[in-house]
């Protein structure tokens, strides 16, 4: 079975906030940022699988820090774990004011992409191997997030999920 | 205190999938759909609050059904519940093939928007009143989703959440 | 012969005026609004005919009320009458200031679309049936507008048009 | 009173039809063409008046000849006549297939623009002088078209219009 | 062998600077202007060759005069000379403030386009004939610019270039 | 005097070629790539200077390798040298086919940006320090390229340029 290192899917993207990306306050619109997040995650998933991929889900995203017109936005994406025909991608977003040079973290997003053939049918993906401690943490937690997604989608009960039981016991 | 009916925030939007909205399979890109979802939710939140609003969070979204070039996408948004300075908006997405006239449900998304003043500081919002059974269900569940968001963001423990305890007991 | 109710073609679209839609006064450009009008009319015509459609003509449009950056624009379209291979669509445009909640009517446009096959050749369309008084008025007047179009295009003389003679007698 | 030659407002624009300008048949969408027509007419009106201008109306436009992906579109605009605070602009559209080098006329559009001050209030415009036979014909007919617009908008009766009576007598 | 007059490739384009074309100073971004320059040059090259063309190179461009939001930009392009499978196109850019009516020259750009068949392979182009003194100067200098390009790309030595030797002797 | 390491201006950007970025062959248009090159260079220049910057010039660019719809484009920018009020930025472009995972270098571009104050007047920039051998080569050669630019713009004679004389002696 084909394998790849998680870091081979690493993708980076810098954008500048232009007038049409902003709302009437002069801030980057949430929907535009989600668009960028989706595109960079798709590229990372294609790097990992060498396949056409389609967005299967986006986990919840918080927008805590408004990003202003003229600021730059740096997006970083990497596949955390592959499942049968799908991959989880972690995207982190940082904004920088180039007048002061100060950066601030803005969002972390987790997306799931499915690899598909020419007819759009799911096909198995390359096995993704974490290599350092950080990647292993992401890899481990990917399973938790996956079962949380299945639970939120009503596809499994908490009883069926070892991972969710672990979270609940901790809290 | 000012109040409004939930239905006063109802917003509807029809889009046609054009070439630049699609990926190399000829399907609507997830990120473009998220952009449309964010815009319609922002409009619904502004109708409810008569204020400038900013996206605070987007709950997880699944993309089960690919939407094709040339199909139309109908988005429907309504505020489900207002909290102190924020509102939850429910967006449902339907795709239609105009050759056959057949429609299919595609996504349900929940977003949270915060109303802000001219300096971007949060300000109290109008109280939103559900009026029928459907709106009351959305209103009740909004609290559960809110506590789930706070739990996922690490801001509360499960013990502090009556709503999450209810879900867990059920499952 | 296949028939459909006029109301089955009803289409609704909400847009927010973003920076790139505006001229240097901060008002929605007429050409952008015409673009939205054309798209919603095309969707209504496709709903009525379940065919690919192309714009055949747009009747004169007045722009009386400037629409400002940040305002929302609501467009409503419905087929008024079908002819042999063409349909007339009525689009009405309303603008709303979401700070005050006040709406104002902006434009009424009439467009004609032709249904075409894969080679772009005109093909017969579904027969559209008005059902209430309002739709019947639109249906009746569609014939007048059609003959006015043919007269303005130099294809018929006033003598050949019962409808134009009626208008002239009235005025 | 300030005057200008009509030809000083002459404006020309070449566009290439790109993927996102087309419908699912691969033809230029009517609404996109209207957008280009509005922009070139606005430029011609600004050349004539040296003022900010806003679209007041667009006369009926026919779309007889589909324009294909990859073809070029040439738009030509010129002010035909100025009234008190408004100007009529004539736009003609030609499409060219660059493989064969063959051009074909596509549309003639008449638009009215109003010159406005910084608060958006109408202000008097420069007097536009026709100089050759072609421009004089456009100038004469501009009055007819104007009264037709007022009649179609229900602002005048045919009895009040010398120009409309002339047209009717001819037909 | 097929020939064409240089003037048959003449292409003209007027654009208005809209909000999304500008940087945070409200000036037209250099990259957007380069995009317009590339498109108009491509159209001129297609007019000359009646072929699909691809950009092969762009000579250095200076941006001396900022162009502001709301100003209009006039681009003029013409093929100066054809080589075997390529053509050189000269683009000149002028900006106009429509409030004052004043124009100023902004840039001169030279681009090279290659004509290609359906597989993207270069194919011979029509021979372009200069007709007046201005066109003959452009035609002569095109050879100098071509050898300068080859020299800058490291493909020829100065010794191999009659044209570069001439420039050096002059300076 | 303020200094910065050259590497502090390093900027990276990944883009995916979408339908509207392509010409009728399905290849990325040269003008779109130039737009991306300009934006990433502007970001690098802002990182180096913490100032608003405007494009002053772009050196000649060759487009040897067509980039296809669906491929990804990676752009890398870094300031090579600062002069009084200007900076030279080097941008390298690489394309990758994500089905095969193969990458190929596409272009190297050199741009000059000027730092400006709020009135658009040039102001002194931070001194940029090369730190490794590669950066020192870029730094040295930046002077050559600068004198070549001045020579090509007719602002200096070859006799006045030590750097150009060096190039000529070598060839």
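Labels for the chains are A, B, C, D, E and F, by order of writing; each one numbers its residues from 1.
One rule holds in what follows: a contact is a pair of C-beta atoms (placed from the backbone, for glycine too) under 8 Å apart; a residue touches a chain by one contact, two chains touch by 3 or more.
Keep in mind the model is a prediction, meaning the values are calculated, not measured.
**Q** Chains in contact with chain C and with chain E: which ones?
**A** A, D
**Q** Suppose chain centres are the mean of their C-alpha atoms. Which chain sits farthest from chain D?
**A** Comparing chain centres, A lies farthest from chain D.
**Q** Same or different, please, for the chain A to chain F contact, judged on whether over half of the interface numbers appear on both copies.
**A** Copies use mostly the same positions to touch.
**Q** Sort the other chains by how far their Cα centres are from that of chain B and give me the top one.
**A** E
**Q** Where the centres are mean C-alpha positions, what is the separation of chain A from chain E, in Å?
**A** Using C-alpha averages as centres, the distance is 43 Å.
**Q** At what distance in angstrom does the C-alpha mean of chain C lie from that of chain B?
**A** Distance between chain centres: 31 Å.
**Q** If you average the CA atoms of chain E and of chain F, how many Å lie between those two points?
**A** Computed from C-alpha means, the inter-chain centre distance equals 20 Å.
**Q** Between chain C and chain F, what distance separates the C-alpha centroids? Give it in angstrom.
**A** 49
**Q** Please list all residues of chain A that touch 2 or more other chains.
**A** 19-20, 24, 39, 42
**Q** For each chain, which other chains does it touch, given as pairs?
**A** All touching pairs, sorted by chain label, are A-B, A-C, A-E, A-F, B-C, B-D, B-F, C-D, C-E, D-E, D-F, E-F.
**Q** Please output the residues of chain F touching chain A within their complex, sorted ascending.
**A** My answer: residues 11-16, 39-40, 42-43, 46-47, 50-51, 72, 98-101.
**Q** What part of chain B is in contact with chain A in the complex they form?
**A** Checking each residue of chain B against chain A gives 23-25, 27, 29-32, 34-39, 42, 52, 54-64, 66, 111, 116, 120, 148-149, 151-153, 157-159, 168, 171.
**Q** Going by the contact rule at the top, pick out the chain E residues touching chain A in the complex.
**A** Contact set of chain E toward chain A: 19-20, 22, 24.
**Q** Taking the complex as given, what residues does chain B use to touch chain D?
**A** By the definition above, chain B touches chain D via 18-20, 69-70.
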